[in-house]
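Both complexes below contain subunit A, partnered by subunit B and then by subunit C.
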Partner chain A sequence: MYKSTGFVSFFLRRFTGLVLVLYLGVHMWVIGAATKGAETFNTRLELFESPVLKILEILLLAAVLYHGFDGIRLIIVHYFDVTDYRKSLFYAAFATSALLTIVGGIPLLLYALGMWS
Partner chain B sequence: MLIFIIQRLSAIALVVFLSLHMIVVHYPPGHLDFSRVLERLADPLWKAIDIAFLFAVLCHALAGTYAVLTDIERVTPLKRILAGVLIVLGIIGVAYGTYTVLSFQPPASMLAVH
Partner chain C sequence: MANRSFQGNSATIRVQRFNPDVDEKAYFDEFSIHLEPGTTILDALREIKSEQDGSLTYRRSCRHAICGSCAMNINGKNMLACNQPLKDHLDRRGRITIRPLPYQPIIKDLVVDRSVFWEQYQRVKPWLIPPQDVPEKEFRMSPEEVEALKDAEKCIMCGACYASCQVIGLNRRYIGPHALLKAFQKILDPRDSVPGERLAEVAGDDGVFRCHTIFNCIDACPKELNPTQAIETLRKLAQKRQAFEAMRRERQKSLIVSTPTRTAEPSGD
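Here is the complex of A and B:
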């Protein structure tokens, strides 16, 4: 069981899910500063402008994309008769999220390094 | 079963909402501040979309948390309490998030000009 893609996907789905729940809490706290006015909002948002945190956002993007494509894969497996392609679909979801992490991560990296106009 | 249905429906909603959110708010990356968000949220349709997005994401996050935690043997007997706590958290989250979305109002000084 531990060598099957089923276990890997189960673990990754739950791990990325929990990370995203924790991030949601932080995100709501940051944006919630708007309830205290524009100044508070801008100050709190600036806490997250550091290059290190911007680069961490790439990991966040990876988690979101993987979790999302894995979810789409699950829906396909559930509603369509594609049991034979389960493994291929897992690799497809993994590859798609990896590719989109690179495509979406490059602008974030350039922005973090101040090289994005 | 109910948890499963909540998870599936909110998942499908999130594919749409989150894609929209990333494309409109976070790409291409740029400096974000109160006035930028206010510009978008001046449209009541965007406020409605963001509140619906908030609801979907909280349903998904809390139902997911419930599913993960109740799989732990020691938590299983406490699942009713856990469900109660998560529902309360969800209600607080929707209320606070909605209040946040509605807080994006032009400052009084800007209103005075018009």
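Here is the complex of A and C:
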């Protein structure tokens, strides 16, 4: 495989896109229960309270943030000539996603470990 | 990219081999050669072929980075073998790995079948199609118009960009950075009279909209050209190709008017 930041971006964008589509299906299943009454809705929502799923939610956050910031990077690439700073731009998008994942992930992690209510 | 840590005077060359008449799949051979100052990767291959294994097969010609024959994959990256000092590509143990260009069928050892590469090149009609009325003298271009071509004529058709593009790896029908750079050169050339038609061709299913701006082509190009930016420009132009063609016709009218053309048979004896 030809290694480059461009390829990492290409691959991760598609991978996170797939993750987001699958998540959307699950999300619609849970939230759609609102039409089936409070009990069904609460039951489904509670499925996602388990620590394992809270950890998965951190990964979901990472996917959303990466996909979003890399998407912004892509829009910049399409409107400007970024040749000279193409790698730095990718690192900036990646670093921003990583930073915000950590910031957002800490409360989720604490919740999962039962140290947050 | 120079590896200052390797200080020895011999190098280990790992070369991918494949003889379709004999082998079921590709494998690596290792050769050891003496390292002289100024030895290029191509020099190493030549030494191996002439002194160690005459069956080693690779393409080469000019040995000074103008013919484009010797593009191959060195330590995972595409480049020309003739203008790369061997020392710069050796790891700490003095090894280098040479493979043929990716994403194309291997004919033998480091030689790949480039038919699709050339077909895509032909597809974009890489020749000027002049207008009906041609000036008698030269077809003049302003320095700005030459500048806009961004040195695309420097391309030596080595294939390093084409074989580095993951879109090619996933979709053999993609026209490719090499041909799209040539299309860019012709579309922006004021001497060409069919930019609208060219833009329609490259804006189709296999063209400029298949590029995912992975940028490997820029990294691989031995002439430091920029197919990605050329493709981005073509994307913008493709969206207003009729206006662009109208502008071209106006530009060419001014050429015809300003440069005298033959209007009558010369008289006199």
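Criterion: the second predicted complex is superposed on the first by the 115 of 117 C-alpha atoms of A that agree within 3 Å, B and C clash if a C-alpha of one lies under 4 Å from a C-alpha of the other, contacts with A are read in each partner's own complex, and residues count from 1 in each chain.
Everything below uses one rule, namely that a residue touches a chain if its C-beta (ideal position, glycine included) is under 8 Å from a C-beta of that chain, and two chains touch if they have at least 3 such contacts.
Keep in mind it's a predicted model, so treat the numbers as computed, not measured.
Enquirer: Using the overlay on subunit A, decide if subunit B and subunit C clash or can fit next to each other.
Expert: These partners fit in the superposed model.
Enquirer: Give one of first, second, both or neither to describe whether A:115 is in contact with subunit B, with subunit C, with both, or with none.
Expert: Neither subunit B nor subunit C is touched by A:115.
Enquirer: I'd like to know which partner A:45 touches here: subunit B for first, subunit C for second, both or neither.
Expert: First partner only, subunit B.
Enquirer: When the two structures are laid over each other on chain A, which of subunit B and subunit C touches more residues of subunit A?
Expert: Between subunit B and subunit C, B touches the greater number of residues in subunit A.
Enquirer: Between the C-alpha centres of subunit B and subunit C, what angle is opened at the C-alpha centre of subunit A, expressed to the nearest 10°?
Expert: The three centres form an angle at subunit A of 100 degrees.
Enquirer: Which partner does A:64 reach: the first (subunit B), the second (subunit C), both, or neither?
Expert: First partner only.
Enquirer: Could you tell me if A:10 is touching subunit B, subunit C, both of them or neither one (first, second, both, neither)?
Expert: second
Enquirer: So, does A:83 touch the first partner subunit B, the second partner subunit C, both, or neither?
Expert: The answer is second: A:83 touches subunit C but not subunit B.
Enquirer: Which holds for A:107: it touches subunit B only (first), subunit C only (second), both, or neither?
Expert: First partner only, subunit B.
Enquirer: Just subunit B (first), just subunit C (second), both, or neither: which does A:32 touch?
Expert: In the superposition, A:32 contacts subunit B only.
Enquirer: When the two complexes are placed on top of each other via chain A, what is the minimal CA separation of subunit B and subunit C in Å?
Expert: 7
Enquirer: Which stretch or stretches of subunit C touch subunit A in the complex?
Expert: 76-78, 102, 164, 166, 169, 212-216, 218-219, 226, 228-229, 232, 235
Enquirer: Which bits of subunit A are touching subunit B when the two form their complex?
Expert: Spelled out, the residues of subunit A in touch with subunit B are 14, 17-18, 20-21, 24, 28, 31-32, 34-35, 37-38, 41-42, 45, 64, 68, 71-72, 75, 104, 107-108, 111, 116.
Enquirer: Taking the touch rule as given, give the residues of subunit A at its contact with subunit C in the complex, in rising order.
Expert: 1-7, 9-10, 74, 77-78, 81, 83, 86
Enquirer: Using the touch rule from the top, collect the residues of subunit B that touch subunit A in their complex.
Expert: 8, 11-12, 14-15, 18, 22, 27-30, 32-35, 37-38, 57-58, 61, 64-65, 68, 93, 96-97, 99-100, 103-104, 107
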